[in-house]
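Shared between the two complexes below is chain A, which pairs with chain B and chain C, respectively.
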Partner chain A sequence: MDIASLGGDLLGTIPLGDIVLYLTPFHLFMFVVVLIFTGLIAISRSETQVEASFKTLKDNKVSVGLEEFKIRRFLAIVCGLATAGAMITGDLFNFTLFVTLIGIINVGIVSAVKQIDVLDAAYNYGIIAMIASLPLFGGASIILASTGTLSLFEIAKIATTAPMMTFGAILLLIGIAGETGTAPFFASKAEMFRTPGSPFILIIHLSSLMVIIRAIEILLIIVKVI
Partner chain B sequence: MNLMANIIMNVAIAFLLGSLLLGLHRKIMARIQLRPGPPIIQHFLHSLKFFFKESTFPKTASMPFYIAIACIYCAVWITAVIVGPITYGSLFVIFAIYAVYKIVEHNAGSSSGSPYGKVSCVRAVFSAAAELPLFAVLAIVFFQTGTMNIGDIIAYQSAHGPLVYSIPLAALMFFILILSKSPYSPFSITKGKDIISGFETEHFGVLRGYMMLSESISWYILLWVFLTVFFGPLSFSWYLIGMVTITTLTAIINATTPILNPNHSVMSQISIAILGIGGSILIMLLV
Partner chain C sequence: MKRIGELWNKLANPSIVPKLFSVSLGLILLVGFLIPMDLNIDQIYPRPAPQQQIIEGLAVAPYDRGGEVLKVPGITRAQYPENSKSLGMVNSYMSPQALFVQSISPYFGTSIWASPGGLIDEILYYTRGFDTILESSILMMSFTIASWLAVNFTIKRREEKSSNHNEEHK
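What follows is the complex of A and B.
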């Protein structure tokens, strides 16, 4: 299968041994968008969340303290860079590593918050992400075992899909769905967003959606139905 | 034609047609509900009006993100016009643009510090979990045609007939996605009236102008992608007829259906997505 039929004309390749990094307009768009958002997160100040107070007419303003601000900003930038890496990598194992790194950092970004509901949600999401890492890495290793390579550029050249490749792709899909908190694993992750701290919490959502889209491209490279 | 002139012309057409279609949508909904409703041109006039209004910024907002997010909203849909009607590029890029739109929806809500925006932000995460699988219908198009390039998909349909006949479930899924993005839809949980205007609540003046302009362009682009991918190749007049028909259909559905609870909305969409993807693959394997 031609890589260009998925993401547009090939703009260039960087061969690193049998691992070939390749860039199409699709990868370039995703990479640039992630970097723009990461840059904006790095220079923005945090929001002040306004909440209603019980038994009074006053507002309760919740803001992020300086120490918390610094650590969350750092983690958000690392998450942004990991997402950018996942957008342009041409290696399946690197992709799974970036996805797990994103999962760990997502929990870290909200773990400093002193809100029980948010911490509960982060704990639940953390458990799902940990469990999902098994099918994620398992899927990648099964694909390696059945194709002999983890290079997406090389996998794209394989004409037919072996049954074990399809099985590996299904495991990958389950792993990515758990790590990124998409349906049916969305509920706990969505609750994490109740915490104050925009724009840092944005990177949690950004990384998930971008990884899902890249994952669909990767799965279409592996599974050749046509 | 010069590329820059082509871009400006297509963006202007997208904005004009998109805002008139949204005006028509509102008019039809009003007439079904036995109200006179605003003139069809009202959405267009509203969009222009906001560019001349005073802009104010909440003290609680996350600056400069709060401003940048409205500009990014506009920029991504202008990019969609370039990738779609101008260059006939990859459908994957349009998919990525839609994901960025969901991110913008999320952060426009959370960056203001408003509780209404925050609820909309949480709901944006819920809805993205369901809408992206619906957009993943494009994978079925790839399985059928062997390409994600819009130009090649049009060429495939010229030779084999419209895709709506061969993968009707995929077309239905994309229609549900369009329905989700139409105003007052049963799935529009991010802009439910229980949270004022959702993520747009705290954006005023020129920022709201950008948002309304982007809304019009996004409506036009979603309809264009649907018609091109499932019915193409079409002439301009057929595009116009198709867009008016889909807008009318969504208006009728929205006027007679209440907004669903967020959990019900997500589970309905995800059920349709699973049935659509599974059913389409089954049909392709059997036929």
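What follows is the complex of A and C.
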């Protein structure tokens, strides 16, 4: 499908050499939503979890220390900015780089927690993110080989989809599914949320959701099924 | 029906997930061998054919860019030439040391450290400069995470262990 029927009329482009970011109503909306959420995260304080203790009436408060709070806030803001960038980028390789950045930061946000289960899950998610960089960049390079270009505008102009392009798109989808931890690979990522520090943990969710939506749009640009 | 339930329960275990992911990725990569190969000759970032520049006898083969610094543009191409107006202008710049090595050795161009500005570099730093920024920020973020963990987590954990001998954070 062409870009206008997927995202609406082209409002404008931001040319950065060969990498042209573009804005349609769809992309602009997602870009602004992510930026607003990132702003909210930047000014918010992290939650304190209250755990009931066994065989006693006392409650156990699990809070985040100042140092951990600072690094998490920093990583959450960078994750938000990377997600916002992935929303409006008009270049395939640029998009994969944004997704990789999000994947690494997602591990980093939970890497400082003290719960062993969460660390295990983050470790497993990190392994998936590392494996997923193979299909992610491999898919992008296969699409580059078969189309000769990485710009989504140029790819949208190509009338037919070669089998190699479809295969590249499938690899890209697997890479994104691994980096964002969607079904059926969600278990490791779902376990990562069982820790205090809520607003920063939530950006992991939000970035995955937004990237998946954008990835579907990009895959529809590459594979002309309709 | 019960078996499907057991399967889903196994999927909920984080340590199973990387194995499942890699197996499914491997299967799809195997399917990839059946896909007919397809290379578009009209690439945006072309390279000369192997050995072509060496056969032509160019001094910095295989990294000869053509052109003249700040006067004649070299052989670099861009997707949107209107966005990079001075493309190829510093393509063939070489430092005085590089010129000296080139004058005494025919193998100068084969070492990447001697690559004179060059096709790769102009794509890296000019037409696709934003990608380079992103790549280095990925690297920077991983170093930030690793060094933060090393300073605030690993070292402190050792202190905690030696002081009260608890095995809580092993």
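Heads up, the rule we're going with is that the second predicted complex is superposed on the first by the 220 of 226 C-alpha atoms of A that agree within 3 Å, B and C clash if a C-alpha of one lies under 4 Å from a C-alpha of the other, contacts with A are read in each partner's own complex, and residues count from 1 in each chain.
Please note the rule applied: a residue touches a chain if its C-beta (ideal position, glycine included) is under 8 Å from a C-beta of that chain, and two chains touch if they have at least 3 such contacts.
Worth saying up front: this structure is predicted, and the values here are computed from it rather than measured.
**Student:** Quick check on the superposed pair: does A:172 touch chain B, chain C, both, or neither? Answer first, second, both or neither.
**Tutor:** neither
**Student:** Check the residue A:98 against both partner chains and state whether it touches chain B (first), chain C (second), both, or neither.
**Tutor:** second
**Student:** Output check: A:136 vs chain B and chain C. Expected answer is one of first, second, both, neither. What do you get?
**Tutor:** neither
**Student:** Once the structures are superposed on A, label A:78 by its partner contacts, choosing first (chain B), second (chain C), both or neither.
**Tutor:** It touches chain C, and chain B stays clear.
**Student:** Name the contact category of A:121: first (chain B only), second (chain C only), both, or neither.
**Tutor:** In the superposition, A:121 contacts chain C only.
**Student:** Touch test for A:220: chain B only (first), chain C only (second), both, or neither?
**Tutor:** first
**Student:** List the residues of chain A that touch chain B in one complex and chain C in the other.
**Tutor:** Correct list for chain A: 184, 191.
**Student:** Flag every residue of chain B that touches chain A in the complex, lowest number first.
**Tutor:** Residue list for chain B touching chain A: 59-65, 68, 72, 79, 83, 89-90, 92-93, 95-97, 99-100, 102-103, 106-107, 110-115, 118, 121-122, 124-126, 128-130, 132-133, 136, 139, 142-143, 146-149, 152, 266, 270, 281, 284.
**Student:** Tell me, which parts of chain C touch chain A in their complex?
**Tutor:** 11-18, 20-22, 24-25, 28-29, 31-32, 35-44, 78-80, 83-84, 126-131, 134-135, 137-138, 141-142, 144-145, 148-149, 152-153, 168-170
**Student:** Going by the contact rule at the top, pick out the chain A residues touching chain C in the complex.
**Tutor:** Its residues touching chain C are 15-20, 67-68, 71, 74-75, 78, 91, 93-94, 97-98, 100-101, 104-105, 107-108, 111-112, 114, 116, 120-121, 124-125, 127-128, 131-132, 134-135, 144-151, 154, 162-165, 167, 170-171, 174, 178, 184-185, 187-188, 191.
**Student:** Note which residues of chain A are touching chain B in the complex, please.
**Tutor:** 5-8, 24-26, 29-30, 33, 36-37, 40-41, 43-52, 61, 181-184, 186, 189-191, 193-194, 196, 198-199, 201-202, 205-206, 208-210, 212-213, 216-217, 219-220, 225-226
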